[in-house]
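The two complexes that follow have chain A in common; it is paired with chain B in the first and with chain C in the second.
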Partner chain A sequence: MKQGILTDILDHSHRADPYPLYAELRKTPVYHDGEGPYVVSTYHEIMALLHDPRLSSDQRNRTAGAADPLAEEDTGDSATLPPGFLKLDPPEHDRLRRITNRPFGPPHSPHRIESMRGDLDETVKNLIDDIAAGTSGNGEGTERIDLVDQFSYPFPVTMICRLLGVPREDEARFHVWADTLAASLDPDPTADQAERAKVTQDARMELGMYLAGLIEDRRKNPRDDMLSHLAAATGEESMSTMELLSTAALLLIAGHETTVNLITNGMLTLLRHPDVLQRLRSEPGLAVPLVEELLRYEPPVQLLPQRTPLVDIEIRGVTVPKGAAMWLVLAAGNRDPQRFENPDRFDPDRKDIQHLGLGSGIHSCFGAPLARLEAQKALSELARRLENPRLLEDPPPYRQNAVLRGPRHLMIACDGIRP
Partner chain B sequence: MPDTALDALRSSGRIVVVGASLAGLRAAETLREKGFKGSLTMIGDEPYEPYDRPPLSKQVLLGKASAAGTALPRRRAIDAQWRLGVPASGLDMAGRRVKLADGDEVPYDRLLIATGVRARPWPNEAEAELDGVFVLRTRDDGAALARRMDAGPRRVLVIGAGFTGSEIASACRERGLEVTVAERADAPLVGALGGVIGAVAAELQRENGVDLRTGIMVTGLEGDSTGRVRAAHFSDGTTLECEVVVVSLGAQRNTEWLLGSGLGAGPRGIACDAGCRAFDITGIVTDDIYVAGDVARSPHPLFGYQFLSLEHWGNAVAQAETAAHNMLSESTDRRPHIWTPAFWSTQFGVNIKSVGVPSMGTEIMITQGSTAERRFTGVYGYQGRIIGAVTFDNARWLEFYRHQIESTAPFPPPYPTVDRRAEGSRPVPADFPDPSVPTHGPTVTLSGYSPADRRLTFTPAR
Partner chain C sequence: MLRLVVDLNRCQGYAQCAFLAPDVFAMHGDEGLLYDPQAEAAQRERVAQAAAACPVQAILVEELEASDA
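And now, the complex of A and B:
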């Protein structure tokens, strides 16, 4: 890839505010520097492509050597396991997603997410109580809270454990693996790469072994959790153990880092818009539209790097050749002035809010109902309980990752914590 | 320069909406939203405020919702005078008055007609009167049929396998009731989707335990001594015992009240221009009478300017909004109603969706998925272009095909897609029945061409 706007977007120095770069990118709705990927950044084009059956999500349809600086960034499931449904096309994608959905959502399991509300409330309460008691964090109490480490990070992984059916006594081990795998998504140029790769590989192996054991146990002693239901399925609508492992890993990874960033970006945005934070305290119903606007304004997945056309396709006068690498920059489409009025304004009262934050089409976010509920609950409770919260550092330090973009730490202080 | 007449209409005019269902309500809401401050009168023949019909053949029959609980959500207050339970009985175009069945007259400055359609009744009146013989169109129909289904009839006979009939049969099976479906054509849904898809629908019905009888007509219904239906006779000489009969033979347009009014209204609906203004019988467009919803037939530039009548929920909403906008606009600000037809159905656990006008198609190609798996996308072609598409449990792709239809993309599609199977390698005849042979009635009716035969570049609104 040539030096240019894509290099800038990937460059960590722009991580805190990539939006001016996206605005620049939108001037060329289908951008190609002659070597790298074809990058689509305008709302209507992205929306159309997300529903375009001429596009594949399967890397095997990519021409060998199609230049893509993100191609190496692995989502962590490839070394030993078959690809998860995120990286498959129909019919394989549809089959795996359909089976996974059976114990997760309507029509077969309309109450799964609703039934997690109690767990969710309790987890949020405990995490904030721990901050109040000073039992999490670095001993500086409410003077210096790292919202990422003390709240955003542990919350979603706990919920995924409950969803899958990881026993509580094993949750701590699960957190360690999840942390290691999440860190592997975030390249650290200063670290020993071989050592990092080994640590990641070990974590992946241990997690895989652990899940395989758990699946085996759930086959014999089923409970009402997703792994039990998935393991118990038989016949055409069931998965092999390898597929099940791969799916569990996908749910863990795709559902973790993204939700961490949604919550952290949410609190950061609220602290930058104190009027909205104040409103959230008095209007609990605001959490729902607020999270939607957040998914537009600061989407946890900034771009989708894995689409490939099966045939030459023309978009806005540009021919994208068969097998080329394509990026769909959701975060740029979400700020497209052709689609949203005052797109750079954070406005939870926005009426027309069909954002791209959770994607669209067959690969639209599988965990969306859980992610939404988690973010709504987390932000409402943080707003309600933290007294006079404020940012200690703005902008906060960001992770390396340009795709799953979010702060590495979010240091805040508050005057106290309400019960 | 402001149009003073239009200003007067906006501030103190009288707008009358005949038809208090989906189109009428959405039009009224749009009028208020656009700042109409004058008097608004809503006339409806049913005693209920506007309600939603799609659930009547689905959730209501399954007992998951009550017929009384189908009231349409309101987008805003419309501050209207409601004349419910009294049908309109006539129109005085010169005097600008709507006559009501109770003898009252309501004057208007602008009139919107959204009287919709009603269920086509069983042609033999005495047989139609038998206890246990139903149609399904209204809230009362839905409540009565649901009540009868609660009683657990030993067998239900559905006459006509269009969308409504098929959904009723699906609800019966889901409730564990024995059901026979009689259809004059060779398969269900053929009027709307053709024989290739009809064959899939037929398998779906039979697999779900429906006693589906095709290529057959019901020649008579028989009652017992107490006036309850007990059997049906078929054209093949057989007889079926049944306790409930649902007549599902399509719809008739509610235009009889306009007979002799001078408006261009008849059994095929009320002709209007793309701006929703009604034609009079001489073919001249009126300027104060508008039409929206199922009763309207209007020319569509995307489909050769043929006049389309669409019994589609989304069409009613879109056309009502356009009509309301145009009623309050200068001629230069008027908008055309160029909604791309789209509808959905749920039956036997399968979500069926369609865009465009499949019934214009001569060929079909299964571009994605497999009919054997009941998860597929079928694309219809007409004269070398894509004219419609249908999905079975594959709706997330439909938006792409809508764009293809709107940009008059070529047929057969010259590109590969994900999930292309062997059966999708080439188009096959779509196998629509001869339109002159009556079936249960498709949800899109094509009725002739407008004078214009020009090509128009269609660019979807962005």
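And now, the complex of A and C:
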């Protein structure tokens, strides 16, 4: 398929710095080369489309054969499960998201995330202690730390387990399934495809069976966790077991892959801006605006590839036909000079920071409050505890995935770890 | 003490503030926001998180002096 700039964006060789390509793309706010998707890259157009009810997130509204090189990149829910609310429109989307929100946030559960702060602090502390003690990683201590494998990766999975109510003794199994599913989002062109597909399918099956068992158990012996509350709901505001399974799988995948990249991109950005890292060390409160700027500057979800117009819509003089494939390039909108001053500058003091990093409108990131706390805590503690941290490789090796973009490893060294 | 003002014309009901500072901001139904316009100083950090996290930047926070003790 010949797609010019879109091929370049998907090409792994541009993964470390796709931003010059996005600048090129913004010259044509609604890019379409005749056969591929319609690609929107400017801030105001993306923001308007995120709030436009004429745009669907449901793949079933795509015209058969609408050309999209990302159409096969599944976001993780198995073909055997119904789509999660990420890939549904109102009213089904609203119903499932509302039910899922009941045990998660206000108005019904205003203290759920707040009550996780202790767990969050403890998990971050233990992971950094393990790095200090040399009990994680490859035995090279603080001379060679893989921040992805030893920190960014295990942290969000642990928090999702706590949120859903996965017992601690089962967390290790959960990590293995999460790793396998994450790898399936990151296609390795040299691997045996059939073997990989089988391993992924097996992990999905095992995870599904495990969650089904856990849901069954929580129905009988409810606790104060999300799965118990979701399983106990009755009447109109409840889910079928299949819906509950696909929602749990959605929370696991979406809440995990993205936060890993937010934390890793964050540390990479700080190590490239030592003055900001130094400030964060003495001013932990800076983590709050810093994470917002990070969501603008290096968003973990670079583009939304699954929007489809329900009718012909006109954007900046271009008619996008009903059923066509559309991409909204959030990371390009976040660097739009028509919207942000000095958009390529990382500036945690930026006051005007209505970024697109967590989306907007009805599909805006469900887990945003948890992701924010995780990233704020992780980055401020890494800044405080690592002595003289430095990058061993810049740029680091990136995952294949152009949508959920982030380093596969982030090798760093430091002189020691403060208590 | 902190003085809070929320521009309810801007507020879109994202509820990020109610997650991050649940003792100051509360949701009334799915979209309506209630808040304590004079929050305790002890809530400062959480209110700052809430203001920074508001996707439409609708929250203004002002420090009221001499009432901190």
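We adopt the following convention: the second predicted complex is superposed on the first by the 416 of 419 C-alpha atoms of A that agree within 3 Å, B and C clash if a C-alpha of one lies under 4 Å from a C-alpha of the other, contacts with A are read in each partner's own complex, and residues count from 1 in each chain.
Here is the rule we use: a residue touches a chain if its C-beta (ideal position, glycine included) is under 8 Å from a C-beta of that chain, and two chains touch if they have at least 3 such contacts.
This one's a predicted model, so the numbers in the text were calculated from it and none came from an experiment.
**Student:** One more residue to check, A:G105. First (chain B), second (chain C), both or neither?
**Tutor:** Only chain C is touched by A:G105; chain B is not.
**Student:** Determine, under the contact definition given at the top, whether A:Q376 touches first (chain B), second (chain C), both, or neither.
**Tutor:** After superposing on A, A:Q376 lies in contact with chain C but is clear of chain B.
**Student:** Let me test your reading of the model: by the given contact rule, A:A368 touches which partner, first (chain B), second (chain C), both or neither?
**Tutor:** It touches chain C, and chain B stays clear.
**Student:** For A:L358, is the partner it touches chain B (first), chain C (second), both, or none of the two (neither)?
**Tutor:** A:L358: touches chain C, not chain B.
**Student:** Considering only the touch criterion stated at the top, classify A:V311 as touching first (chain B), second (chain C), both, or neither.
**Tutor:** After superposition on chain A, A:V311 lies in contact with chain B alone.
**Student:** Looking at the overlay, what does A:R144 touch: chain B (first), chain C (second), both, or neither?
**Tutor:** neither
**Student:** Check chain A for residues that touch chain B in one structure and chain C in the other, and list them.
**Tutor:** 107, 364
**Student:** Contact residues on chain A for chain C in the complex?
**Tutor:** Those in contact with chain C are residues 98, 105-107, 110-111, 113-114, 285, 288-289, 292, 352-354, 358, 360, 364, 368-369, 372-373, 376.
**Student:** In the complex, go through chain B and note every residue touching chain A.
**Tutor:** These residues of chain B touch chain A: 349, 367-370, 373, 375, 377, 396-400, 403, 415-419, 462.
**Student:** In their complex, what parts of chain C are in touch with chain A?
**Tutor:** 14-16, 18-20, 22, 25-30, 45, 48-49, 52-53, 55-57
**Student:** So in the complex, which bits of chain A are touching chain B?
**Tutor:** These residues of chain A touch chain B: 44, 47-48, 51-56, 89-91, 94, 107, 310-311, 313, 338, 361-362, 364.
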